[in-house]
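Going by the order they are written in, the chains are A, B, C and D; count residues from 1 in each one.
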Amino acid sequence: MRRVTIVLCTCYSTLLGEIDFERLRSFFSDSPLVEKILVSDRLCEKNVFENLGLDDDRVVVAACSTRLLEAVFKGSGGFNGLVEFVNIREQCAKACGNREEATWKAIRLVKGAVQKALHAEPLSTEGLKIVKEALVIGGGIAGVRCALDIADAGYRVYLVEKEPSIGGVMAQLDKTFPTLDCSICIEGPLLSEAGRNRNITIIPNAEVVEVKGVVGDFKVRIRVNPTYVDPDKCNGCGECVNVCPVYQPNKYDADLKPVKAIYCPFAQAVPLKYVINRDYCVECGLCMKACTRAAINLEDKPKTVELNVGAIVVAVGSDLFDPRLKPEYHYGEYENVITNMEFERIICASGPTGGILLKRDGKPAKRVAFIQCVGSRESGAGIEECSYYCCAASMKEARLILEHDREARVFIFYNELRAFGKGWEDLLYRRCLEDGVVFIRSRPSEIRRTGDGSLLIVYEDTLTGSRGELEVDMVVLALGFKPSSRMIELAERLGVTVDKHGFIEEAHAKMRPLETRVRGIFVAGTCHGPRDIVESAVEGSGAAALVTSLFGRSSLRLPEYARVSLEKCTGCGRCLASCEYGAIVREGDKVRVLESVCNGCGSCLAACPQEAITLGNWGLEQLSPMVSAMLED
Amino acid sequence: MLFLDEDGFKRLLEQLVSNIRVIAPVETDGYFEFKTIKHGGEASLDYSNTRLPPKRFFLPQREVVFKHDPKTRALHEPMGGLEAVLLGVRPCDASALNIFDSVLLKPPNPDPFYESRRRSITVVSLSCAKPREECFCNVFEAGPIRGSGEDITLTRITGGFLVEARSRRGQSLVEVSASLFEEAGPEHLEEYGELTCRLTREMNSRIEISRERLVRLEATLDEGFFQQAAQRCVECSLCSFTCPVCYCFDTEDYFEKNAYVRTKGWDTCASTLFTRMASGLDPRVSRVDRFCHRFCHKLSRIPMAFNSFGCVGCGRCVSLCPVGVDIREVLKRWG
Amino acid sequence: MSRAEEELRSIVRKLLERKDVELVLGYEYYGRSVRPCFVSKPEEVERLVWNSDCWFNLATYLRSLRSRRVGIVAKGCDGRSIVELVKENQVDRGSIVVIAVECNGVFKPFKYGSTHVGRRLADYCRRCVTRVSPVADYLVKKGGQAPEDENTVAGDNASDWLSLFRKCLKCMACVKACPLCYCTECSIEGFKPDLVHRLRVPQELFTFHLTRALHMAGRCVECGACESACPVEIPLTRLYHELNEWFRENYGYAPGMSLSEAPPPLVFKEGGED
Amino acid sequence: MSWKPRVIVFTCWCSSSGVDQAGFEGFTYPPNVLTVRVPCSAVINPSLIVKAFEKGADAVLVTACRPSELRRVAPSRVTEARVSLLRRLLRTIGVEEDRLRILWISSNEGSLFSREVSRILGEVERLGPLNIGGSMVEQG
């Protein structure tokens, strides 16, 4: 028969005056439910409890604050759930008016705990296995930084990138703010380092199609799209490009300068392998003849790669607002209304114009205006939030214009100028003012085209209230971030949640900013909200730290999560509506708890009409006798 | 046979109420229920039958068998019932007590709780004048005039009641108030004879069976019939709980207020919990099995073991069953 | 035989003849009352009746017939319970054919020993919100005659619920008659003694009834099967109705009205009441 | 001894710290206020509250995290709804709904806890004993 050992702690004898321990002891001494009663005066000290030799017994510990004591117990590992805590200090001795009352209450509290301990089931102390390999999804700066940091700690990393090369948005930028370093010059070495690192396997042209399992042991299926060039054979010599007769717009150059149908995205690409865009390829076969290594295979098919990893970092980045959704700016219609990404390519020395700021007609742009907050900080087409990077980006771009051409005139239409980062005030804002950049506080209402083809910006200056029109040669739209169109799909595969905009939601915005609701899936970069390069890199390293700290453990024990008895479950789904975390899913005609998502709140236990769900020892099976015993006379 | 006129009856009732606990049908919320009455006027004898049988006075829905206090090592066996007169039981419900007697008092292990209650309660039955539509007491000779478990049988006739003492205890109750009774006259007996004839004829015209054949039910079970009928059954077990005869019980032990308590309470064969063993095995696993069991037990096994049927034909299950399971269909088919 | 019955029989005959369904759940006479019947042959359709005594909710049988193609005669509330069963994954809408019968309300069933004379419209029918099933493959209009309610006083207004609970025998008829009570191990029957022991009557009847009410909250379609089956006539539907009202007030939700309407997540949107 | 209401308080992990704090800071409350600590208020099955009433509790309090302290996800809002539903049920069957309360107590609100408990105890004392157990077994 089950019996309970009661351990009373006098808290260095301080409780002796407040509770009659003798009475407490004699009350339980004859109880058939009680094995023995031990009294200690310093249970919180190291090894005191361990030395009592109560390893597998059912124990009720009546002592100080459960919060303190339980931490001591759980910290010592091997917490099997058969130890029940009663706080007879703060919630009894200190809360009662006199010794008589405190003793009366202590008896009742212990009585309840005895019942709970009697009905407790031992918890599994078995640890989960941890596969010490990581998957990083997205090869932008956040993903690359993360992959490098994990790899440097000695763990294998798979870096999955949907494009032919890693590098992300940063590889397209001309200069970075606020220091105006050449973007690819500082990212390039990092990319090649990632390419060289023996611990990193880059899987380009690929996407994650299925994720199963729990933290420490995820099974991931990845689809690798065909590139029609065998990466193992291609040595990047470029002979194929020379013979290819077809051109296609180049995404890397913001579609401003075409490339061949067989191409390498950019000079610093990692891996430096050529790929064919079959949408444009005419299958003439010239490249196949030109290739000395017979690397080209037009029959290439998608491949599936199965990975088993212990942790996943999502760093898939995000998209930019589509300026066509603001018809008043006539993007796509007026050719000299361009986006800031296009501007980056035009102003870049390696870009389509060789770094000279030219209009589409080939004439230099002398008067350039920036319009801020296109698609951000407004409800409607865009998102309400500030896009973080664009004030700094536009000021940087203004400075680039003036560095190229001292005579140029630059106007920035802003709403609030936000120069909060390190060096932004000094290196961007002050320099812009010194260089004569004109800041106009306004969200222009319209761009018109004049007879001679120049652009007329119609605006109301919200500082002076005056209306104005400004004629310029070129308008650059500073686009806000928007969640990637495929984010929701990916989030569903991963089991993570997205916020109202569609960015990935963190486990806690402040305290667990790089974790998602799924344990073992971390997040870095702009996929969980607008960020700049610095912060993306910071997060990449941060996520890497979380991954390595997970891998550093010898074993892993999930916090108690709800478990469904399939025998009893009728699949009615009442638990589904009760779970705030969305941790319960239907599976066949039953339900399943996603153990890495479950937070152990137990809401589902209370929703299940027939106790088919259990969570540690918090079911009715334990609590009902406990409450009944406490209320007994 | 004695005769008790209306006035005498009232006086008898008042005498009883002032001396002993009297339980009689009382009308509440459109039904009759057995309740302890404080004065004779509370009892209403103008009822077809009570909604629930008086079973609970002999076999409470739940009773404590013993309490064991491990501290004092004392064993408490609550015993003894309050002396009472149960007045106005219909013959069918009274006959159920006869079945209880043969089952529960059978040596060598009579149920002491039942025994003490049965001993302390004097049962006074009241013959039916207008049997209900669903009644079939004639089938089991449990009415409508006389039952088999009562101490006194009252039959309402013009001007009063015919009183028949059926046991020594009934006899002594009559003797206590002997002055109220008079010897029944020939006109009383004639009316009684006519009534008996008329009611027996009426009941027999509804349903008449061969009891000898019926007992062979279990041996001649027609699975098809029961499968059909069981399809309808939702196993609500209402039939057992409202049955005057169903005496099956279960025990339950628990620890409460520092003592171990064993209780005993009504159980029902319609429940999947009835035959489930500790190992989890259930020999009566299908609904048809459980459904069949109820009829076989009542109509075949009890009569073979105890020589009386496990049904008294009160008609409660027939009337109350939400899905129209009708024991009379079984009787007609096998009887 | 009413026109509705005629129509009903012809629908069922067609369904059985075409072998669209293996069997049809309907009602038949026995004596002067009505009870459920299972019709599987076209020649048996003459047994089918439809009138105001058909209070039992046939959807109760659906779950046990899960693997078969079944036709079911359904009143408005029965239809709502079918909706709930489908929503709760218990029956497959595709395998049942719903023959909706327009309902004008049903009578309280006659109970053994009742002193009431005359028929009474069931109290729960006075609160009816759908006389026709929200799901229907066939519709039989003008089902039955409007019941002649010989008791114009609306229901029993007993408010002493504790004494009503005290009458309870814990016979489980309410649970077993309910189409939406299908737990494999009913927590109040006593499979596990955590809430209600098997035999502790009447001590635990309070928990028994309140737990059942909580389990029915926001699900009960108020078909009244429990109340009509109850041998001691506890007006359970009225209790569950109150809880449904809570759902209506807080979420504008009523169970069983639409297959696409999921039960509301059990949270208050902002701040909550107080 | 005169009758004192017996109260069960279900405290979630965080509010249990608040209750600790109340004791720590010397706020006293009657001994018949008995605390049951649970990991999160959402684990409290409404039936458990019902059971507590059946077993003799005159009032049941649930202390939980204020939903606004949490983000979009707040299991205590589920508790709030369940308590509200159960209050409605209690009212329907004629038990004063104020015998069941949910209190928002965070881990540093010890004084709020003892203040609220004292106030509620006063109210429950006015309502008198509930005695569900007794009224169920009382014979008619």
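Everything below uses one rule, namely that a contact is a pair of C-beta atoms (placed from the backbone, for glycine too) under 8 Å apart; a residue touches a chain by one contact, two chains touch by 3 or more.
Keep in mind the model is a prediction, meaning the values are calculated, not measured.
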| item | value |
| --- | --- |
| More contacts between chains, B-C or C-D | B-C |
| Label of the chain whose CA centroid is most distant from the centroid of subunit C | A |
| Euclidean distance of C-alpha centroids - subunit C vs subunit D, Å | 35 |
| Euclidean distance of C-alpha centroids - subunit B vs subunit C, Å | 32 |
| Separation of mean Cα positions, subunit D and subunit A [Å, integer] | 39 |
| Averaged-CA centre spacing for the pair subunit D and subunit B, given as whole angstrom | 46 |
| Shared interface positions of subunit D, touching two or more other chains | 46-47, 51, 74, 77-78, 82, 140 |
| Residues of subunit B whose C-beta touches two or more other chains | none |
| Sites on subunit C at which at least two other chains make contact | 187, 191, 195, 202-203, 265-267 |
| Of subunit C, residues touching subunit B in the complex | 30-38, 56, 60-61, 109-116, 156, 158, 169-173, 175-177, 189-191, 193, 197-203, 225, 228-229, 231-233 |
| Parts of subunit B lying in touch with subunit C, wherever the complex brings them together | 27, 29-32, 47-52, 61-62, 132-134, 228, 231-232, 234-238, 240-242, 250-252, 254, 263-268, 271, 273, 315-316, 319-320, 322-324, 326 |
| Residue numbers on subunit D that touch subunit C, as the complex places them | 46-47, 50-51, 53-54, 67, 74, 77-78, 80-82, 84-86, 88-89, 92-94, 132-133, 135-138, 140 |
| For the subunit B and subunit A complex, residues of the former touching the latter | 70-71, 255-258, 260 |
| Contact set on subunit C toward subunit D in their complex | 159-163, 165-166, 187, 195, 202-207, 210-211, 213-214, 217, 239, 242-243, 245-246, 250, 265-268, 271-273 |
